[in-house]
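Some structures to go through are shown next.
Both of the next two complexes hold chain A, though its partner changes from chain B to chain C.
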Partner chain A sequence: MMNHAGHMTTSATLLRGDWLPRPSVRGHLRSYVTPFNVVAAAILCIGAPVTVNRFVNGLAATTNLTDDVPWGLWIGFDVLCGVALAAGGFVMAATVHLFGLREYQPLVRPAILTGFLGYFFVVIGLMYDLGRPWRLPFPMVYSPGVTSVMFEVAWCVALYLTVQFLEFCPAIFEWLGLRRWRAWAVWLTTGLTVFGVLLSTLHQSALGGLFLIAPGKLHPLWYSPYLPLLFFASAVAAGIAMVIVESMLSHRVFRSHVEHHDERQMNRLVLGLGRAGAIVLMAYFCMKCLAFAHEHGWHLLRTPYGYWWLVEMLGFILCPCMMYAIAARRGLVWLVRVASVVTVLGIVLNRLNVSIIAYRWDAARRYVPDWQEFVITITIVTTGLIMFRWIVNRMPVLHDDPRYEPVH
Partner chain B sequence: MPTLHESMLMTKTIEYILSAVFLVLFVLFWNFVFGTPRRPDAHAGRGDHHE
Partner chain C sequence: MSLNRRQFLKCMGLAGVSTGAAASTAEASTAPHAGNDWHAMLTDLTLCVGCRKCEWACRKANGPTDPGPIDAYDDPSVFEQRRRTNSISLTVVNRVGPTRDDEKPTFVKSQCMHCCEPACASACLVGAYRKSKLGPVIYDESVCIGCRYCMVACPFDMPAFSYNSPTRPAIHKCTMCFERLAKGDGAPACASICPVEAITFGKRSELLALARRKIAAEPKRYVNHIFGEYEAGGTCWLYIAGRPFEELGFPANVGTRPYPELTKGLLSAVPFIQVIWPAVLMGAYAFSHRRETATSANDARDTTEGTEPGSES
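And now, the complex of A and B:
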């Protein structure tokens, strides 16, 4: 055994512990022992064997999915919630690059990174959920199935993942010091943003369209022929809320990256987003009410599912909408942040209602996810957080690289 | 017991009335959100004191 100085290690040095890393290296290693890292490592240690179990023994060994209920937690949370909460990327890119509200520029890169990672882990979640994941590219190359909504979703998600990667490329090239490549990536920004908005509009609504085929399976309070429209409107609200939540968390976790930010300017941006959130949530609320009236479901309101629907409508749509409005009116940044958290929870609740809770609501045997499904979901989210931190700590995401002009 | 035609008429009537009500509410809400702040000294920095 060789120690750092290159000398042969003897039993005496072994006993003295000279073969151990030097104190500075040990201190460096010790710096990795943080509460987040410990929890993340524990989650990954549990998630790894469950992943092996999923891919070796199949879905039956790891999930409670059946032929009656083939879509469970992985589709309901990882895919539907993941796509909705990743909408901040196209919302902020459109705000800055298409509508010209350039003061929101500092929020674009974090939103695009969140969006890109969100979509990336949607695809990872899909790999877990598909019985034969190696057939994921089939809609593109082998068996398109152009009459299925899933054909549209598959193409849009694949293309939008690529678009988001390209939109994030300026940050990667700045990190790598590739000035000419970065200039090309910046030149593509407007075109990519237009393409991204088009693709997002299509697939956010198409995810709602997936449930149009199941009017008899989805509870009438959640089923509506306007589901695609409702999914799109709620995704915009989720995107705005996620940008606010993400900037709030980033400012606490990555304090050193944002210490040069003007606090008052950031607060103004958050208030502006709060105004947009209020308007979008109000529009979403009105559309939900009209969809309810269209389905003529008044008699269902005084049932347990009716009460649950009212909880979602009043507690997680109207309530944050009013919070946003009051906060914007009175300049209360903290209230905008609270409203954003409630909005995010509301959109997650809506997607879980549509895909799990109110789906096959009258079945004799209800689907309850297996513990391994929860473990995989938590593992995927944790891996996403680790990747986000890794990228933010290296690339100019929360701060501008002074060597380059900002992207407008 | 209303006939199917009467039921559809009722549903459509409610939809149209609701649409009109929501349109008015939405305009009022927009005005509330983007209107002049009630307190002229209200500005972005105020939220900090409440955190």
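And now, the complex of A and C:
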């Protein structure tokens, strides 16, 4: 009825400005103008044309990769760091569903969502980096190269992405109100968790194993036959640290979701994770020392790369380890958080060292990423954050859906 | 040590079979040293005069683009910078030295070494590389996804990638003129054109014998080292030279172990982990589950018997 009236008095409507969105709609639109959204939109506006440039004009037009240095920022950060920092999913799922530490249950879903999105965007980053991304399924079905460590990585990442999606399904079905489907998804939990831990063990270590075949190219302080073990141990440390960092940020950003959380209980969990972090980092530090002893690299310590290696070892492994230990002992939640941030930075530093900084350190022309490589990396991270927010705002991730029993 | 390792691998192999997993991951794609009949090349660096005619002939035979006039390759200014193989030049000649006035420069031709057990083939996740029965290491573009792991794996840094192609980027490397060899049409292009016969084409065993004869005949002319005899498990491209190979820019740290062995241990552990890990995890689950059931049963008993004195636990 209103529409008919509107049609009849079109000119009057135009003059009155009724064709503009109603005030409520306008207000709704205006609510989208937040600092995060403005920055995110700006990043996407730069990322889109660079993406077009990548796929229309090729890798040479967007990257500084050379024949000597075939892997750059997209492999070093997007893939290696992405996978390591997404390890929280399998660590938390195992903690709660296999080792029976049920009090950590509130941290499982955010960790699995972070993990799933992390892996999803690892694959997206890989699509940018591969010469022919449309052949992504080739190693799986068409032409498997079973002697390759990369083959193991490809299969495990593909399977684990699926596993994490299934692990997250209970949240999706709760959101959609599909009670029977949810029951099925919950029933799968234990099996999926075991499978997920297995796949994570295999591919987290295999990512380090990729470099086993390049002994002459990776600096001897970082090359070690124990690289697979080191990558796995550091991934567990990264997973724990990311769960703490992620919960810290979520509790600031999504305050309304966590109103009913018991602050004291959350702090206890963070301290517990800090204790675990101290143990894992100490184990990792000892493994690094063993690997160092194995390579007889004492004379390398007094070189620029030696100093850099010590920065990583002392500043980003031993130091956060001590912070975790002190924080857990004295009950300092803030110090656990600081230690977690340092740990995350340390793992990122380690992956960049292995894949970029200490790789072909003797090359005549060093690789420095093109600005477009940075743009793509930032765009991918931003898209991940947007998707994380979209999902958290709709599905029961940070809080339980009161209509359902929590999943143990 | 080696015996232990073999037993270990065997054990893991059994574990792999029992899961029906890809136990073949433990096997290399290439047969171990079938090698004496393999086609091979011997470059005598003491003979090379740096005319770069091999570069021209290679581009003419294999190149994606026209090599241009052969006279243009005489220009010595390209020697001012050290060059490496790339997606257009599958072989390059570099000049090393002279470091002293009374010394002659050495010219070093480089190209794919056609390893006996190639790292690239073991690293390729789509099996695009194979060690052909004739000897050359062959790359098949039709399955390549462009991950460039072969470039990371190659100890000699030989595979090059055509980064500038958006739709058909691929690896480019020397094939030892494989198609020509397969047809029996004689020696590869570079060996055929070489005016000073610095490159000899033949069977690997014959070339090794020839290299030894040459070194024995003129011990002052040559260093006593055939590069490629043992390097990286042996290669089908062999070199002899008048100066130590490290001085000529050859990688000194490749060792004598075949490169695929570097990742074999990790890959053999896969079936092992596939069996052990789920068992351990399910054990942990069963343990924590049982403890929990026991605790809740205790709790239940405590609540029913809670009224009795002395029942607190």
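By our rule, the second predicted complex is superposed on the first by the 393 of 408 C-alpha atoms of A that agree within 3 Å, B and C clash if a C-alpha of one lies under 4 Å from a C-alpha of the other, contacts with A are read in each partner's own complex, and residues count from 1 in each chain.
Going forward, a residue touches a chain if its C-beta (ideal position, glycine included) is under 8 Å from a C-beta of that chain, and two chains touch if they have at least 3 such contacts.
On a predicted model such as this, the values are computed, not experimentally measured, just so you know.
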item: Touched partner set for A:L290, first chain B, second chain C, both or neither; value: first
item: Touching partner for A:A328 - first (chain B), second (chain C), both, neither; value: first
item: Partner chain(s) touched by A:R264 [first = chain B, second = chain C, both, neither]; value: first
item: Chain B versus chain C as contact partner of A:G100, first or second or both or neither; value: second
item: Partner chain(s) touched by A:M282 [first = chain B, second = chain C, both, neither]; value: first
item: Partner touching more residues of chain A, whether chain B or chain C; value: C
item: Chain B versus chain C as contact partner of A:V336, first or second or both or neither; value: first
item: Of chain C, residues touching chain A in the complex; value: 22, 24-25, 27-29, 82, 84-87, 119, 121-128, 143-149, 151-153, 155, 157, 159-161, 163-170, 251, 253-255, 259-260, 262-263, 265-267, 270, 273-274, 277-278, 281-282, 284-285, 288-289, 291-292
item: Footprint of chain B on chain A - complex, ascending; value: 263-265, 267-268, 270-271, 275, 278-279, 282-283, 286, 289-290, 293-294, 296, 324-325, 327-336
item: Residues of chain B touching chain A in the complex; value: 7, 11, 14-15, 18-19, 22, 25-26, 29-30, 32-35, 37-39, 42-48, 50-51
item: Chain A to chain C touching residues, read off their complex; value: 55-61, 63, 65, 67-68, 70-71, 94, 97-100, 129-133, 135-136, 138-139, 142-152, 154, 190, 193-195, 197-198, 201-202, 205-206, 209-217, 225, 228, 364
